[in-house]
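Chain IDs A, B and C follow the sequence of writing; residue 1 opens each chain.
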Amino acid sequence: MARAISPRKKIMWTALAWGLGLLIFFPIMWTFLTSFKSEATAISDPPVWFFFDWTIENYSTVLERSNYPLALTNSIIIAVGSTILGILIAVPAAWAMAFVPGKHTKDVLLWMLSTKMLPAVGVLYPLVLLAKWLGVMDSRILLIVVLMLINLPIIVWMLYTYFREIPGEILEAARMDGASMKSEIFYVLTPMALPGIASTILLNIILAWNEAFWTILLTTVDAAPLTKFIASFSAPEGLFYAKLSAASVMAIAPILIMGWFSQKQLVRGLTFGAVK
Amino acid sequence: MATQQSRAAARIMIAPAVFVLLVWMLVPLCMTLYFSFADYRPMRGVFDAWIGFKNYESFITSSSFLNAVGTTLWMVIGILSITIFGGVLFALLLDQPMFGQGIVRILVIAPFFVMPTVSALVWKNMFFNVDNGLFSYLYKFLGLQPYDFLSQAPLFSIIVIVAWQWLPFATLILLTAVQSLSSEQLEAAEMDGAPGIKRFWYIILPHLSRAITVVILIQTIFLLSIFAEIFVTTNGAFGTRTLTYLVYQRVLESQNIGLGSAGGIVAVILANIVAIFLMRIVGKNLDS
Amino acid sequence: MGRIQLKQVKKAFGDVVVIPPLDLEIEDGEFVVFVGPSGCGKSTLLRLIAGLEDTTAGTIEIDGKDATGLPPAKRGLAMVFQSYALYPHMSVRKNIAFPMKMAGLDQAEQDKRIKAAAAALNLTDYLDRRPGQLSGGQRQRVAIGRAIVREPAAFLFDEPLSNLDAALRVGMRMEISELHKKLATTMVYVTHDQVEAMTMADKIVVLQAGVIEQVGSPLELYRAPRNKFVAGFIGSPKMNLLDGPEAAKHNVQTIGIRPEHIDISTTEGLWKGTIGVAEHLGSDTFMHIHGIPGCDPLTVRAGGEVSVKHGDTVFLTPQAEHIHKFDKQGLRIA
């Protein structure tokens, strides 16, 4: 827009936006601050904002005297594992559908989408039964498989939309330049597809990390990731706000950072490309 | 370039994904279907392989079912209203010229990336809690009696928690849509003499309608399966029992597998109806 | 080297026949232009020669050998795409080197050819940049450079200048023509712009709906178009075609006369009409005349400046030796 925007208007919008933004962000900020308070300070009346004795005792308590490290390991393994498994299955499928489209490609894609809409409670008991029967209840491998299955449609869709954006002419140019199928894939297609694959991986790790149905119901102790670990704070004894805050900050920090970098991917992935 | 050879190769490449999802859909679903026609209560040692539609009958005619449907409806509608309304406003706001827009975006987007258990517990303990929550301090500061959100307005509390989490999603989607509106359309309207409000109503809003529809449909799919937030706050008590939670309780808490399975099938059918609409929109987008 | 023969080549997509069986000979070293309106099949024909599409029937021979079943990589041809199709993740140097890498040439030979191509195309300073950092014209040259180093039997160009602005287009046109003279390799060039066709071609192939309407040198097509379509397509502004009483005077269905072959006078002439729109370019003046039976408006070109304005009455005389005659089927009558 080439028109001059009055600085007064700009300041007005800035104030309004920042005000509302900080309001929305407040709970996260408050959690962050509380994590550095002592339990007594955390519930002080009136509440304290910035000026108190900052301490990291909550962090050390949570890290040393609870299952937090195990839960963190589980979250990482499950999130990364299900993502990698999903990518291995999805890349060939999305590749084939994007570059060799057939009569039924659209139907297959829509069907995959529909599996994502299956309510989890509809298959809850059979899954519990199967897990017990196979002896994999409360195991990381079970969750890796289950989370891969529920996110596979999103992975396939995202990759499909990214692959479709690779201009066909560039692949034809590679063919004219004498590239065999293998060379075409290795030297041209893959480098051009990597950014899309990376974005998909990023979004999927976020979704798997935050998944809070199967991770809660299919685990007890051994494979419990952070979602379940935090859930155990729902009715503890004694003062716990500061410790809850510390645990929460550690649970959400990596994903918050990843999330800030993946806004565009979020839009594409969760609307199945319907909004770009 | 699709030749015979490449078509065969393509089919092989799609096979694993299709196979895996097919098994995922059919096997557990068929098992649930099977159990729905049986009377199976393992805790009491009861197993009767076929009782016809009795489970469905009892599930649908029970008062808890109607309550659950009502609760689910209220919850979804409440959350949708807040997120769509707020999302449109935020989208328009973030589209205005300002300083530090990138940072404001980050602030507004953040809640979506917080895991549901953390959101729920932070809100439950640090905001809603009647003794130590921030809201009660606010009330006391204003000279009022602290309000016990979670026991006096539990559904509302959960709506607030989930709406806080999903507002960023709606905002982001709608902001993307707002920014895709070509400035030329708005400039033409300005030349035609339309003031700001009219430009919003006649040009921006219709353009957003498709994005709003997508947001509504996708959020509904996800909102129907809200679980963790209820699990860690009220555990379904005080009228916060959605259909999902009802089925969960029947299956895993009271362990009436037959009844719970029937409930699960009912939930699947209802979800499918919503899904059909979403697929039509996405399908149309595929053609473009 | 570089002789291409199409024998009864047919292309259908499902039931839709896009190119009915056609024959075409392209001699070694010729600059052949496929020209025609949108959808006439010229790009499809080029892609058939390239091997990017399979023929439904017929054979394509390159230097006497049957290439119909060969994949593009093995036909020894090079193609310059409309969108240039450069590899975005590779530098200019790597882009140009790619075909040689695929052919397994040793590094020394690759470097030699890259240096030569870069010098010929003024790309030496840009070798380490990425396509995203180049302008349209530069990208165009990289695409050409990538084609040159293959030392192909023939070059295929698919509307390469469409994405450039007008001034750049004129410059690139000349560069491509110069390149042709220098390399003396066969070039097959597709365009919808008949000016490009006229200025660059040794031989023009005019296509409509997949059918070859005429093959000939630019001046042949200008002087003796085989039918009304070619007559109207070649030459800008279009040839005036008149039916009715004027054609009847010559005992034919239609006569044609090009705007530049009509004499104009304010006092006397064969036809009388009124000036509608007059376009004054300084170098030429184009006048659109109303009131001539059989053709409304009639376009006339006069050299230099002519001071006429809207509404003036003028008299026109077509130059008799330049009148074209067409029969009821639209075919040329000698």
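Heads up, the rule we're going with is that a residue touches a chain if its C-beta (ideal position, glycine included) is under 8 Å from a C-beta of that chain, and two chains touch if they have at least 3 such contacts.
As the structure is a prediction and not an experimental result, all values here were calculated from the model.
Taking the mean of each chain's C-alpha atoms, the chain closest to the overall C-alpha centroid is A. Put simply, the chain farthest from subunit B by mean CA position is C.
With each centre defined as the average position of its C-alpha atoms, the distance from subunit A to subunit B rounds to 16 Å.
Taking each chain's centre as the mean of its C-alpha atoms, subunit A lies 54 Å from subunit C.
Subunit B and subunit C, compared by their mean Cα positions, are separated by 58 Å. Multi-chain contact residues of subunit C (touching two or more other chains): 52.
Shared contact sites, meaning residues of subunit B that touch two or more other chains, fall at 1. In subunit A, the residues that touch at least two other chains are 172. Against subunit A, the residues of subunit C that register as touching in their complex are 50, 52, 71-74, 77-79, 81-83, 85-89, 98-99, 102-103, 146, 150.
Taken together, the subunit A residues at the contact with subunit C in this complex read 167, 169-170, 172-180, 183, 187-188, 191-192.
Partner subunit A is touched in their complex by these residues of subunit B: 1-2, 6-7, 9-11, 13-14, 16-18, 20-21, 24-25, 27-29, 31-32, 35, 90, 93-94, 96-101, 103-119, 121-127, 131-132, 134, 137, 140-141, 164, 167-169, 172-173, 176-177, 180, 183, 210-211, 214, 218, 221, 224-225, 227-228, 231-233, 244, 247-248, 251-252, 257, 260-261, 263-265, 267-268, 271-272, 274-275, 278-279, 281-283, 285-287. The residues of subunit A lying in touch with subunit B in their complex are 1, 5, 9-11, 13-14, 16-18, 20-22, 24-25, 27-28, 30-31, 34, 43, 45-47, 89-90, 92-93, 95-97, 99-102, 106, 108-130, 149, 152-153, 156, 172, 206, 209-210, 212-213, 216-217, 226-228, 230-231, 233-234, 240-241, 244-245, 248, 251-252, 255-256, 258-260, 263, 266-267, 270-276.
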